[in-house]
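Letters are used for the chains, namely A, B and C, taken in the order the chains are written, and counting of residues starts over at 1 for each.
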Amino acid sequence: MNNLLLLALDVLGTFAFALSGVIAAKNRNLDLFGVFFIAFITACGGGIIRDLCLGATPPVSIASWRYLFVTWVAVFFSLRFKFWIKKLAYPIFLFDAVGLGTFAVTGAEKVLHYGGAYETAIILGVITAVGGGLLRDVFLNRPPIILEKEIYASAALVGACIMVAGNYFGLQEFVVTLVGAGVTFLIRYFSYRYKWNLPRFMGD
Amino acid sequence: MNNLLLLALDVLGTFAFALSGVIAAKNRNLDLFGVFFIAFITACGGGIIRDLCLGATPPVSIASWRYLFVTWVAVFFSLRFKFWIKKLAYPIFLFDAVGLGTFAVTGAEKVLHYGGAYETAIILGVITAVGGGLLRDVFLNRPPIILEKEIYASAALVGACIMVAGNYFGLQEFVVTLVGAGVTFLIRYFSYRYKWNLPRFMGD
Amino acid sequence: MNNLLLLALDVLGTFAFALSGVIAAKNRNLDLFGVFFIAFITACGGGIIRDLCLGATPPVSIASWRYLFVTWVAVFFSLRFKFWIKKLAYPIFLFDAVGLGTFAVTGAEKVLHYGGAYETAIILGVITAVGGGLLRDVFLNRPPIILEKEIYASAALVGACIMVAGNYFGLQEFVVTLVGAGVTFLIRYFSYRYKWNLPRFMGD
């Protein structure tokens, strides 16, 4: 049941991240391969960095068809039903927030299963959640949005910390996963809705 | 004989990719180290990502002098004989297409030898062929050309798929290598000559 | 004693590199997480690439609190005492040069301890020293400074070569470490002071 839940969240998060990749790539005059590449990197880049840092090779997202297939569905859907994408901006934001929470928590969880230290779990949990968005912006040659806009990585940080705390106190993993992903989702949701931001330090 | 052929193609491809790195770096006011770095990353970046994803550490291109030496020859040649480079634009394009085919096929081959899945072989075959060009553009701070221009990564994809199909059907590796690299070369050649492009999706 | 010296140099270098990350990030309107992320990548990015290439996972900088803590001190210090940062431009340059020398030498040393080849030690020594600065510029979406400005990577190259030569001739590691880091520091210092540059190849 834990596995089924994780799988569902994982697929949903991958789909949402891939969509955000397509939307970012669309205005750049990329060809079909370019759009697919950006979508895949956005969805799977964070997990690939995590797996490389863990020595878990090959990274899970290039070891099976699942992530390629989900990415392909996202690309096909968003190019075929352009009209819907605009209508679906809000659902896509929600999916993205779900992906953020899921990836932060499951990223940290995987590190702990591999016997990594708590600090490694927290860092790689955040990287799993935000690494794809970072790489998307690097390849699209623009400043990384997640380093600027509303609370994003910080929400993932909270989720990863909840996962590690739950592990430390020996709480049930299923519950901790849900709570961590849920809290991340809610922080992201409210920070977007109410325009919360971390302090900035512009050239002074 | 297979090994000798692969070695020759590998050196030729590395040389061509390094040249394309030098040419891209030349107009950026980089210093000598910068030019060498970009040339090396263009030639070897794809293979480095492949080897990291396979857990084949250290990556082969930093484990021997060969790739450094070939890169150095390319840098020396192109800075010393500037005049020739312009004359040689067409041969360099041909070398680059040879490199694309070779790297796609040998990249996929290496994954299969490491016991990787078919999907891993296909993805990393493409990455071996196009990763260097991607990293070159990232470090030169410009949008990745291969995501925009004529069929490039798609040609590598065909080559990697041929390699995997040949392995699946148990065909002789030497033949499959030649056919895969050859088909990739021809697709690239004709797409360049006749300006074939994948469909694009510019902001609509 | 060797270990204590290395630890001190390592902390000093990490601190200086993190400061240079903060200073580069400050004018980009990043939020607090963004500033911290850039500082951490600048300080630890080179070591992370080295460890991934060695298969030494997880990379040492995400396996303990030390590097996170030093980065945090650098971020806190530079945001809290903005006035000092300007006054301290020269000391920060000196720290940075110390970091360059230390990272080049200890990077090469780590590769040799892992049984890597001499060429691997030299390449990864340079990468350890300059990789963080490269990644900082990639994530800040600007052309990599170290590929353009005064002798920087070349100084690291000399340090890594000294380390490898010392190992080859069986000299005492403690002495070689000091000499290698010292020579790198001096080359960097004089090249900055007297505006030495490598030859450039601007669009001709």
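Here is the rule we use: a contact is a pair of C-beta atoms (placed from the backbone, for glycine too) under 8 Å apart; a residue touches a chain by one contact, two chains touch by 3 or more.
Because the structure is predicted, anything quoted here is derived from the model rather than measured.
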| item | value |
| --- | --- |
| Neighbouring chains shared between chain A and chain B, ordered by label | C |
| Equivalent-chain rotation between chain C and chain B, CA atoms, steps of 5 degrees | 120 |
| Rounded Å distance, chain A centre to chain C centre (Cα mean) | 30 |
| Of all residues in chain A, the ones touching two or more other chains | 52, 55, 138, 141 |
| Interface residues, chain C side, partner chain B - complex | 52-55, 111, 116-117, 119-120, 123-124, 134, 137-138, 141-144, 146-149, 152-154, 157, 197-204 |
| In the complex, chain B residues that touch chain C | 26-35, 37-38, 48, 52, 55, 57-59, 62-65, 68, 79, 82, 138-141 |
